[in-house]
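There are two complexes below, and they share subunit A, which is joined by subunit B in the first and by subunit C in the second.
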Partner chain A sequence: MAQSADVKVLPDIQASKLKVTNTSRPLPKCEPEELGFGKVISDHMLMIQWSAAEGWNAPEIVPSGPIGLHPFSHVFHYAIECYEGMKAYKDSDGNIRMFRPEKNMERMNVSASRLCLPNFDGDELVKCIKELLRLDRDWIPQKKGYAMYLRPVMFSTTPWLGLTQCSEAMLFVLQSPVGPYFKSGYVPIKLHVDAKYIRAWPGGTGNVKFGGNYAPTVASQIAAAKAGCSQALYVYDKEEWVTEAGTMNMFFLIKSTSGTLQLFTPSLEDGCILPGITRLSVIELAKEWGTEVVEEPLPLKIVIDACEQDRCLEAFGTGTAAVLQPVGALQHNGKDYTLPEDGFAEGSFQMKMLAKLKEIQYGEIEHPWSVCIT
Partner chain B sequence: MASSVASGLWRAARGTLPWYPSCRAPFQRLLAAPSVFSPRPEPLRLDITPSSTHMRTLRTHILCQGAAQQEIQGTNEQPGVQVRVYKSGSQDPFFNLATEEWLFTRGDAGVHTLFLWRNGPSVIIGRFQNAWKECHVQRMDSEGVNLVRRKSGGGAVYQDLGNSIFTFISPKDADNIPRNNDIVVKALKHFGIDAKPTGRNDIVVDSLKVSGAAFKHARHTTLHHGTLLVDVDMAALGNYLNPNKAKLESKGIASVRARVMNLRELSPGLDHDTLSDALIESFFASHGIRCEVEMLDVEDLRRIPELQELEAGLRNTDWRFGKDPDMSHHLETKFDWGGIDIHLNASKGVITQVKVFSDALNVAFIERLEKGLVGCPYSMAGVAQLGERLKEEGKGELDVKNVEELCTWLGQSL
Partner chain C sequence: MAQSADVKVLPDIQASKLKVTNTSRPLPKCEPEELGFGKVISDHMLMIQWSAAEGWNAPEIVPSGPIGLHPFSHVFHYAIECYEGMKAYKDSDGNIRMFRPEKNMERMNVSASRLCLPNFDGDELVKCIKELLRLDRDWIPQKKGYAMYLRPVMFSTTPWLGLTQCSEAMLFVLQSPVGPYFKSGYVPIKLHVDAKYIRAWPGGTGNVKFGGNYAPTVASQIAAAKAGCSQALYVYDKEEWVTEAGTMNMFFLIKSTSGTLQLFTPSLEDGCILPGITRLSVIELAKEWGTEVVEEPLPLKIVIDACEQDRCLEAFGTGTAAVLQPVGALQHNGKDYTLPEDGFAEGSFQMKMLAKLKEIQYGEIEHPWSVCIT
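So, the complex of A and B:
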């Protein structure tokens, strides 16, 4: 009997096998205004176990609670973990909507591959997430600006200290009802550029949503705060290529010397940038609007020069949490560069973009990016 | 005279015109000159005694001028077995289907009945099918092809005058279907045709299908009806039934076009009338008893209120076409036992409106499913619960495996 031909096909995630355990002790809910961001967990979470021997087990929805792992689990020692950030919304009819969930599934599989974590059927996971959202639908505030933040996370629970390919893993999807990122309007932030802190590098893991990417950024965050700024703008190498700001992708609306308006954002090709889904949505919408989008490696010099010549009209970060975060100023080598105030005022490009994205996310207009799960 | 008493009672009951205006002249002649004997009896007519809503007292009259009227309740020589034979003179499918249902639901449960009929060009769709999807409705309308929706499940069939239909209505008995098939086979033998039944539903000649059948069960009776392909226009079938249906390639669905043939090709002398005669003789031979053949036609039976109601129901436009569901969600798939096409509206996690199209045979299943979906939570958990309820409440009526298959698919498709 030929052994090589005997490849056992291990089961993938199957939504049809989903087992639901309803909570017997519902958690107390607070007023939507008290939610903040990421502090509250909902009643239920999705949990799926994987092993190299058996493949993906049946998905389970269980009451949110502590997770018990072997102390040798790789996630604790070697940070073998990847995660996602996505949101679900309640529209004016009270129906639940997700925003481009298939993109998060694709990205999570890319992250998993990079860390040698198991891949999975994204469509099946989305079906499980839909069921999870429906179960906890009462946790989703029905108010524009509020949402259910979803945190899929996969990590290695391989129970030994030797660093090997993952033999056991778990995938969770956690839910956190969140309020608007900005309680009082859109407050622009100041970015601190310090080439000392390098977030990602070619050949590294900058293009996957790997927890280990973020651990070192706490220090640069504190340093930015010390310098009187809100977040760090990461650059690298001699050219000071612009990558990301805090945990967001960056966009700059710059008027060229000849007068044409261009939307700059660093390209993905060298693998140092996380392919954001909000980032992708902004690029696609901007192109639809006829804006010239320049997706190329972006040296900081272009931004600094534009600022000095009053050609940098707007700058903003994009991410699931804030959607769009206006940038009011940059600090580089001790010098401050302030952007025009009308850049984040009503009628500006980024405010129009933000309004459009929210229209789509809250189902105010029919759009294929918004999946209504009723 | 029994007949005049009967029609008098009828008139009194209904306060309307006499029962047989067409027979008024012979009636009057009868009354005027009772001694006159007409050498040729008038065509047989049916008289329905209004005093009984049950058709038990359906009687055959031989109307002859001057002859005493005889009541014949079949010529039942053997008191144990009773037979009745009806032939429809109408090609109107609404009339014919209504009459068949009326005979089935109102007929005498103890009597073996044979009803022979045929329809003008018609497409007959199943109870839950989507008329717009199954056939070319506009083309049918402009070319005078009837659209008929029957009350039983299943798929769409095309019929025309080259398609003869037999209906056996018998007291519930395990032997009925094999015996009925034998009656048909022996009738065909009369034309030198060697036919044989396959499974329950088909009769074939050299593996080519010449007859397809369907069954209905009531508490005490069984209905077994089938078509006989005498001289059907095969091209028309493709003309009126939707050619885009992928189901023509799939298995196990009613409208799948089997390899068929017309009986006329095997015996040029075979037509609806000669075939009917042969079937009738074979029927008598099988039961060992004869009776008069009764003609049914539109004019006679339109005066029976229950029949009129049945026919009006079948003719009703809303019944036949149904309304365009126009709902926000549309879920569709095919199972071995039938196609399912669900249209629904859902809001705030609950299904609010449903319309289910299907060619599945189990009417109870589709009805229960449609009703059960309204108010069902729009979630896997909700559908799973509905599945459990359907299995529990529909015990005996529904196929458990089919319910599970459908609910698994539905939960995954939300």
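So, the complex of A and C:
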């Protein structure tokens, strides 16, 4: 009895304890056309501290400003950090809408577990995020294609150099009003199959949104640009299993040799790709539409063969930042494979999918994926 | 002509421009016995800022204190960060000695290149580090086994959410007086072969000192502890190629079936292990002593077979923090393999190696690897 009384249940995130400090120095806004992606920070950010001894502290909304940390903090040395990407949209009535936020919360907890960072109550964090959005609602652009990008990020601030389990952490939710992710708009891009660097491998961290998955890909981006391509397409092992492209999940609409239309996308089972929320939404909508979805380990050869035989009708990437990104060509072993132009024209599968996703995200149709904040 | 005049050569790190701001609030010191590893920070740190537009700014030695960064800084989100581990020793005459510092500078530049962080002149950085050590010389413990641990760390402070090449970075050199790394001293540890998580893979980042290599290993440490072991031994692929253990390189002294004594250590060629400086020093000394060094890709089976046939005489890890760590046992697929106790007793290969390294590091013998700072 005495023992069980000693077991202290540490506090989780509690939205009811949220403290708000309004900014006294509003930050400069810019025209929507000048926004680009992730350059501008809005007036306020959400900050929650955690320690192994005390659990989650009361959440705080504070003016956006520098984060000051002990120089030994684990985030600087051992990359104990994970993040999420979410968007909030303004509908034509001026309501704020989030897209499947509970999925981001689930995934962030999976990422945190892999890195031995603390877990949290996702519903409570979403409540805090809603308050943040309400406070900075004037920062959310209303134009279609524009949104408030939300960046939840958690990292270990454990202040010693030994590589140990996390004893102190911080969680932030940052806000950035954004325009369309790719400068070139919905113009198809060319992907460069990266043979030198491997993004993820079985037993690694490709299935979680871990900061360390991204740093090594800058070199691949540069290699892709040198090859005249926009992004890298990552594969692994001798079979060249397809994983991701840039920071997106990949889809290929292929006609089988017997004439069936199939939407191929790498499966989650090898743990090498991120379980994207746009990816999941595309799979679910495609199935609703009666399209056959082949969610299996995908050797690049299936794609290349289909390209050579004019059976690869469409290819596109998915992600929160880009939503849908048409792919017009692949470069593999120095050889270019060009996809048909009507694959990304009006009336194509991906353009219908993009329109549907936008309808839902901007609240043009009622849909359970769109969470309206009044 | 006009064009070449436009090519602006950006400044590199210049020790002659070093600015020193002495602390006005000295930090509390503790007894050497209470130091542990990396818990205490000394009074001063070296800080150098870099930008793509201006190159390296003048180096500054400033009082150790919090690092304040824009919340969008790439280090928090995409783990664009690399570090080094070095030690400075005080010899019996009170001189400060560094161990092969030029090797750390070379490796840090390789790490930086892989992450598309800026390179720098290592000789100039070493000059700045020497000034830092001189300033905080009272912090360096003189007792054998103790040292000033130096932590150079560089990260991208690029302040936007797009994953791009680095436009702003900071380099710090932090100082921490340390005692012996492993609490248990030179007591052998037991390694747990981790079958679930893979530390590194060809085409990945195992060969550079990238923060992202370390975060995912905390889970392996916990799994090792649960299995009654001290550290994880990382292998990859079906052949179970040996890579590293904990944060150390690995060595196995094995008697061949024909009776030859061979020192096995995984080679660098697959890019899956860090080119350790203690590792290199052990290889070079072993060769000097006439020991046959087998530096090749090492399948775990070679080690397990040798253990089963009582031919694995010794095993040890190497690293800057630990220097040499005796290994007394391995656990693989639930089975324990115990190494002979005289393998880590006085007179063993590894104890002679450790004594030799310490003689050099503490300046008990003159050796070109020990750089004396007067």
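Assume the second predicted complex is superposed on the first by the 365 of 374 C-alpha atoms of A that agree within 3 Å, B and C clash if a C-alpha of one lies under 4 Å from a C-alpha of the other, contacts with A are read in each partner's own complex, and residues count from 1 in each chain.
By definition in this document, a residue touches a chain if its C-beta (ideal position, glycine included) is under 8 Å from a C-beta of that chain, and two chains touch if they have at least 3 such contacts.
Since the model is a prediction, treat every value here as computed from it, not as a measurement.
In the superposition on chain A, no contact is made by A:Ile304 with either subunit B or subunit C. In the superposed model, A:Val323 makes contact with neither subunit B nor subunit C. Once chain A of one complex is fitted onto chain A of the other, the partner contacts of A:Ile283 are absent, as it touches neither subunit B nor subunit C. When the two complexes are superposed, the chain touching more residues of subunit A, out of subunit B and subunit C, is C.
In the overlay built on the shared chain, the residue A:Leu233 is in contact with neither subunit B nor subunit C. Once chain A of one complex is fitted onto chain A of the other, the partner contacts of A:Leu18 are limited to subunit B, with no touch recorded for subunit C.
Applying the stated contact rule after C-alpha superposition, one finds that A:Pro66 touches subunit C and leaves subunit B untouched.
In the three-chain superposition model, subunit A touches subunit B and subunit C at no common residue. Within the complex, the subunit A residues that touch subunit B are 15-16, 18, 20, 93-96, 127, 130-131, 134-135, 137, 373-374.
Residues of subunit C that touch subunit A in their complex: 36-39, 41, 45, 64-81, 83, 114-116, 149, 151, 153, 155, 160-166, 172, 174, 176, 196-198, 201-205, 210-219, 221-222, 236, 247. Contact residues of subunit B toward subunit A in the complex are 329, 346-349, 377-381, 408, 411-412, 414.
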